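First chain written, first letter: the chains are A, B, C and D, and each begins at residue 1.
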Amino acid sequence: MLYVLIPLLPLFSFIMVGLFQKWMRNQAHLICVPMVFASFGLSVYAFMQVAGGNPVNFDLYEWIPVGDFRPTFGIMIDQLTASMLLLVTLVSSLVHLYTVGYMHGDGGYDRFFAYISLFTFSMLALVMSNNFLQLFFGWEMVGLCSYLLIVHWYERKASTNASFKAFIQNRVGDLGFALGIFLVWDTVGSLDYGTVFAAIGDHRNDTMNLLGTQVNVVTMIALLLFVGAVGKSAQFLLHSWLPDAMEGPTPISALIHAATMVTAGIFMVSRCHPIFNLSETAMMVVALTGAFTALFGATIALTQNDIKKVVAYSTMSQLGYMVMACGIGAYVAGMFHLLTHGVFKALLFLAAGSVIHALSAEQDIRKMGQAKKYMPTTYWTMLWGSLALAGIFPFAGFFSKDEILWEAWNAGVMGKGLWLIGVIVAFMTAFYTFRVFFMVFYGKDNMTDEMRSHAHESPRVITIPLVVLAVGALFVGWLGNPMFGPNLSHNFLGPVFNTPVSHVPVTEHAQLQMPNLVGEAFAEEGHDPHAAPAPHGEDPQAADPHAMAPAAHGAAAAGGAEHGGGHNKTMEFLLMAFSLAVAGSGIFMAYAWYYRPNEAPAKLAASYNGLYQGSLNKWYWDELYDAVFVRPTVKFAHGLWRVADEIVIDKVLVDGVAITTRIGGEILKFFQTGRVQHYAMVMSLGIFVILGGFFLF
Amino acid sequence: MIEALFIYLATVCVICAVLTVSLRQPVYNVLALLTMFFHVAGLYVLLNAEFLAVVQIIVYAGAILVLYLFVLMLLNVRTQSRHLHRQWPFAVLILGSVTAMLVGALQDGTWGVASGEYTAAAIQEIGNTQAIGLRLYTDYLLPFEVASLVLLVAMIGAIVLTKKGLIDDHIKE
Amino acid sequence: MDHLLTWVIFLPLIGAGIAFLVKDHQTVKVLALVTTIADFLISLPLWMKFDHGTANFQFVEKYSWIPTFNINYHIGVDGISLLLIIMTTFLAPFCVLCSWNAIADRNREFMINIMVMQTAMVGVFAALDMALFYIFWEAMLIPMYLIVGVWGGVNRIYAALKFFIYTLAGSLLLLVAMIYMFFKAGHTFDIPALMNTPFAPEAQFWLFLAMFVAFAIKVPMFPFHTWLPHAHVQAPTAGSVILASVMLKMGAYGFLRFCLPMLTEASLSLTPFILTLSVVAIIYGAYMALAQTDIKKLIAYSSVSHMGFVTIGMFVYNQLGIEGAIMQMVNHGVTTGALFLCVGIIYDRRHTRDLSEYGGLAKTMPMFATCFVIFSMASIGLPGTNGFIGEFMVLLGAFTYDRLTGVLAATGIVLGAVYMLYLVARMIWSECSNPENQKLTDLSLREFTILAPLVVLTFVIGLYPAPFLEVMHVSVEHLINQTAGLAGAPQIALLK
Amino acid sequence: MIPLSSYVILSAVLFFIGVVGVLMRRSIIVVLLSIELMLNAVNINFVAFSHYLESITGQVFVFFTLTVAAAEVAVGLALLIAIYRNRQTVNVEELDMMKW
């Protein structure tokens, strides 16, 4: 029951700050920061418990008990949840700390703290859920928090619009997600993970009628759930809210729109892998969506000039990577990338925030340059983050990204294509990351005098989280290192995905009887599970780095490539070297063009103006949505209101009845002459009619 | 014989009725009605209702129609250039057809069964007047009293309505 | 307290009677507040002593009233009406409080109206005799007509007249149906007896149509909704609250109390028709709301949309759907009532309902903004707030009954968010450019007292709805069993 | 023997002549006369039925009809005088106060 405190502590601080706002004001962090750190501490404890083979699953209370429908609020902590817990609470703690400095003096200081605490609670409720409805609860709540935080500076029109957009696009995704949940309930009759995952296999051949065609129910479920992931993880078609969300303060960009909330989609797909695994079609859709998003985001990121936008598009692109990984069944790789990405992307955002903070809230990289001398800590941490993102050995991104690429390589014909996309994206990623980096810290000094005079290194509360994350960015990747020692990420996460679908042993309303695989795995290798979160990868123990990979595939229907043995190992190294070279060339290109002021980019842009404008304008996707959805909807609504409602229904039909009555009255008025004989005449007429009718019929 | 008498009486009744409603001068109307009342009395005699025949003449001819004549003289109403209402053709047409329908319908009706209680012979034996009186003052005593009350009310009403200054002022206001 | 329910019904009327004798406005205000609060307090034992284990009516009182027509004073509650009664008594004090200063003219009469209104409303939910039901049902119109017509806005006469005649027209058909049933059921208006009377299917069809018109106007369902925006816009705040929170529920309650159990075959065969109208109402209402610039109109149209969920829930004949519909009724009462209260609060300050006049209220009225956003989120149906519970249950119920209906209705989730957030964005966020808005003061203590309990209730229902749900389980099961005995409803199998 | 239907038909014809009189005359006096005519037509019916059904009750009712006729004449003529006094007319067409 101690685990209940993990989400409840942030909730408590939210409530306290919310209720006693008046007395909190600028002291809000005094409650929030300790609470979230305590939550982090508990998460570490929980992680160790899980690693020690004590996963938990229990219900707190029944939420909506109606007949057979008995969803609960419950807590389930398995390996997947535990690693998410760590990520969420760690990043959240650091962001809380960072916020103390970053938001200092802001009018909504207390409000901001309240909301990020609420967000932390919601995100924890999401990942710790043991059923779909609580997942949905967290899912929507994080959306709300994201909304409230984007609109933090509500007086800016852009913030308001961005928040609106974020909420609506998320809601569209949530609609799909909700429908997916409905279908799960309708198919299985339960929303509890354990029950659903255990029973979904029995329905693998069920079909349903979709507008006249028979489709597989499980595919339908998977696709609908994935729509939710598309919305939340800003995948292609529901992606355009994420860059706009950068209107919010930078800490939340780091926390919500990089490290945690946007990864909920990947988390959900991983969590629901027993469903996805059953449907090749769904997996293919997932993989292709992810790959396309990765490419799409990267192409846009190439030309953006707003420092946060670049990072945002890069986030989108990386999320695409993770989704792609899920789509080929490489959940472990996806989750691992999620974790490493959470760390280094949060770092990048926070560092970018530090830059912005230091340079008088300027976000346009064209107006920066030579910032290195003002902020050494930021410089170094950002460098580490950029290296991690670019995928340079030995930083985190290298391991996780290459694992995805490797899994893709092994995933059949389609996988090869995905691999190619992945490599191209990797090149772009390296390029645009260092484009920003060089333009900010080197290049031509385009700062105004005023900016320059205020430029300074950020205070401790800002730099400490940066440093912590930078260290993390350096080491966290080694957890999934495929070369030396055991691949800890696979050892730890693998069992979740490895477990045969029909045997997921989560029992309803009872303590979870998780297979003790994790503990055994660690025990066999003589490993100290308690040290798992710490960066220690150089354990020289011999272990097959792919021990878990086939397992991950075993369940996967899409990634059916068989692989194993020495040949693959060589191949893997070759591919690693290749992608390293690709990333390196990307960095070199950025160096060549942006380290010193250079005409080359402008020339290139001029010669491919169409492409350049397209990328700069996000391939006109906003304009397209505006023209296809927004404006027609508004126009249609207005038209419908004016014509259908006000005129047809109200005036013609409803008031029409009244007017007809009135006209009738006006006509009948003339029969009211006041003369007795007329009345008598009408009576006679009546007699005539009655008698006539009587005789006729 | 009786049939001939009936035909005569009925024909005169109808003609007088038509005259009553159609003649221009009110006095002629009254006189036509008077004629009709006499013939109705004749019909009553045909139907063995001698008492009623007498009452018909005394009350209707003697009292009611005389009252009309008094009023006519009292008011001295100008004869109007147009004595018929505009809707008269419709009235004649519609009611004419109604009458036609009724006449058609009533041709061969059988209504009720003779009770045999007051056969012509029985009435003759005790006398028409006594027969009515017996009925009126026994079974119909209460209606009879009510009728007298109606007359009383009518009398008071007539007085109140015609008395100058009682109603007129109100109406004028 | 043997006659607890009678007390709950007639206490406000007694209060109104006393208020007639008192001339002082201030005293009457206090009297009204005390009466309504007392009424709420004595209605609580209904809930606490309610036996969850039986579908029978409880707290029944039955006295012969008009023996000639076998009309009885017969009242009682079951799981379906209990929550609605509690909700009615719960909201009444807020109506009094929000009219405390807002109604300057003839305040005393206003309070009397509110109290009379409450008697009629509780009476409708508690009546177990159809004639009694009808009397309360119609009696409700009079104070509402006065509230809109006397204390309303500029076009109040038009709105009040439209409201009155529209509803009355529907009610008359109800009367016809009622009299027919009276004769068919062997000269009784008794609701439990009528529930056990089988009516011929052809007769049911016409009876259902007659009742449908009456109830659909009140709900209001799609083509019968146009009185609502007018009435809402013109009504004073308390009037809007009562309208939205309680009166709209009467129609839905009527469907549950009469159509489903008494006219089961007709209900089943006309289900596709009702579901279609409901889906149209959800989507159409949302689109209408989107086009509004008048805050009250926007919320009024949102009510059309939300009540669409209620009617869908009732006509899917499963426990999720029907309980969801009842929850949705309660939630809509709380949430929309609260939204109207919010609008009233801001209207008292600015005397305009034009959305373009507002903006940036978060800056000048942070507490108000917080409450408003909370209620908006509840209206959107965010998990954790009350709105989610009803909406989700209804949608899930609808989805299991007929997938297409479920899917189409679920689009209301998105559309609801669109118009509600549009309202929030225009009103609460964005720049506080209007100088009038910069002078606004935040909630007073009185206003805070009004909103705070509603905020609490929003979350209580949202996070722990079990106490609200458990009272209705058995009654709803009973209702479903009544319908389940008959042949399955025709399905619109487009997605099945 | 004269059949009952003859009397009934006669009565009906007379009655409707009376109705026509009520409908088509402009003078109140003649309208009242027409009403007397209708009453008489009814009386013929009563008496005829009384005779043919061998029951004296019909004749008793004629008696009552007579009373009503007398009362009607008294009140009617009184009204007529009152109207004439106020409006100097006995023309029914000009009396449209019932419109208000």
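By definition in this document, a residue touches a chain if its C-beta (ideal position, glycine included) is under 8 Å from a C-beta of that chain, and two chains touch if they have at least 3 such contacts.
Just so we're clear, the structure is a prediction, and the values are computed from it rather than from any experiment.
S.K.: With contacts counted as defined, which of the two, B-D or A-D, has more C-beta pairs across the interface?
M.R.: Looking at contacts between chains, B-D has the larger number.
S.K.: Determine the centre-to-centre distance between subunit B and subunit D, using the mean Cα coordinates as centres, and give it in whole Å.
M.R.: Each chain's C-alpha centroid was found; their separation is 6 Å.
S.K.: Go ahead and note the Å separation of the Cα centroids belonging to subunit C and subunit D.
M.R.: Chain centroid spacing, subunit C to subunit D, equals 62 Å.
S.K.: How many angstrom lie between the CA centroids of subunit B and subunit C, rounded to a whole number?
M.R.: About 67 Å, centre to centre.
S.K.: Between subunit A and subunit D, what is the separation of their C-alpha centroids in Å?
M.R.: Distance between chain centres: 96 Å.
S.K.: Scan subunit B for residues touching two or more other chains and write them down.
M.R.: Those would be 85, 87, 91, 95, 98, 102.
S.K.: By the touch rule stated above, which residues of subunit A touch at least two different other chains?
M.R.: 677, 681, 684, in rising order.
S.K.: Can you list the subunit D residues in contact with two or more other chains?
M.R.: Where subunit D meets two or more other chains at a single residue, that happens at 19, 23-24, 92-93.
S.K.: Per the touch rule above, enumerate the chain pairs that touch, sorted by label.
M.R.: Every touching chain pair, ordered by label, is A-B, A-C, A-D, B-D.
S.K.: Report the residues of subunit A in contact with subunit C in the complex, numbered from low to high.
M.R.: That would be residues 18, 21, 61-67, 69, 133, 136-137, 139-141, 144, 147-148, 151, 154-157, 159-161, 163-164, 167-168, 171-172, 174-175, 178-179, 182-183, 185-186, 208-212, 633-634, 636-638, 640-642, 644-645, 649-650, 653-654, 658 of subunit A.
S.K.: Applying the document's contact rule, which stretches of subunit A touch subunit D when the two form their complex?
M.R.: 672-677, 680-681, 684
S.K.: Would you tell me which residues of subunit C are touching subunit A in their complex?
M.R.: Residues of subunit C touching subunit A: 162, 165-166, 223, 225-227, 284, 287-288, 290-292, 318-320, 323-324, 360, 362-363, 366, 370, 373, 377, 382-384, 388-389, 392-393, 395-396, 399-400, 403, 406-407, 410-411, 413-414, 417-418, 421-422, 425, 428-432, 463-466, 469-470, 473, 477, 493-496.
S.K.: Please give the residue numbers of subunit D that touch subunit B in the complex, ascending.
M.R.: Checking each residue of subunit D against subunit B gives 1-2, 4-10, 12-14, 16-21, 23-27, 29-30, 32-34, 36-37, 40, 43-44, 47-57, 59-60, 62-64, 66-75, 77-82, 84-86, 90-93.
S.K.: Can you tell me which positions in subunit D touch subunit A when the two form their complex?
M.R.: That would be residues 19, 22-24, 31, 92-93, 95-100 of subunit D.
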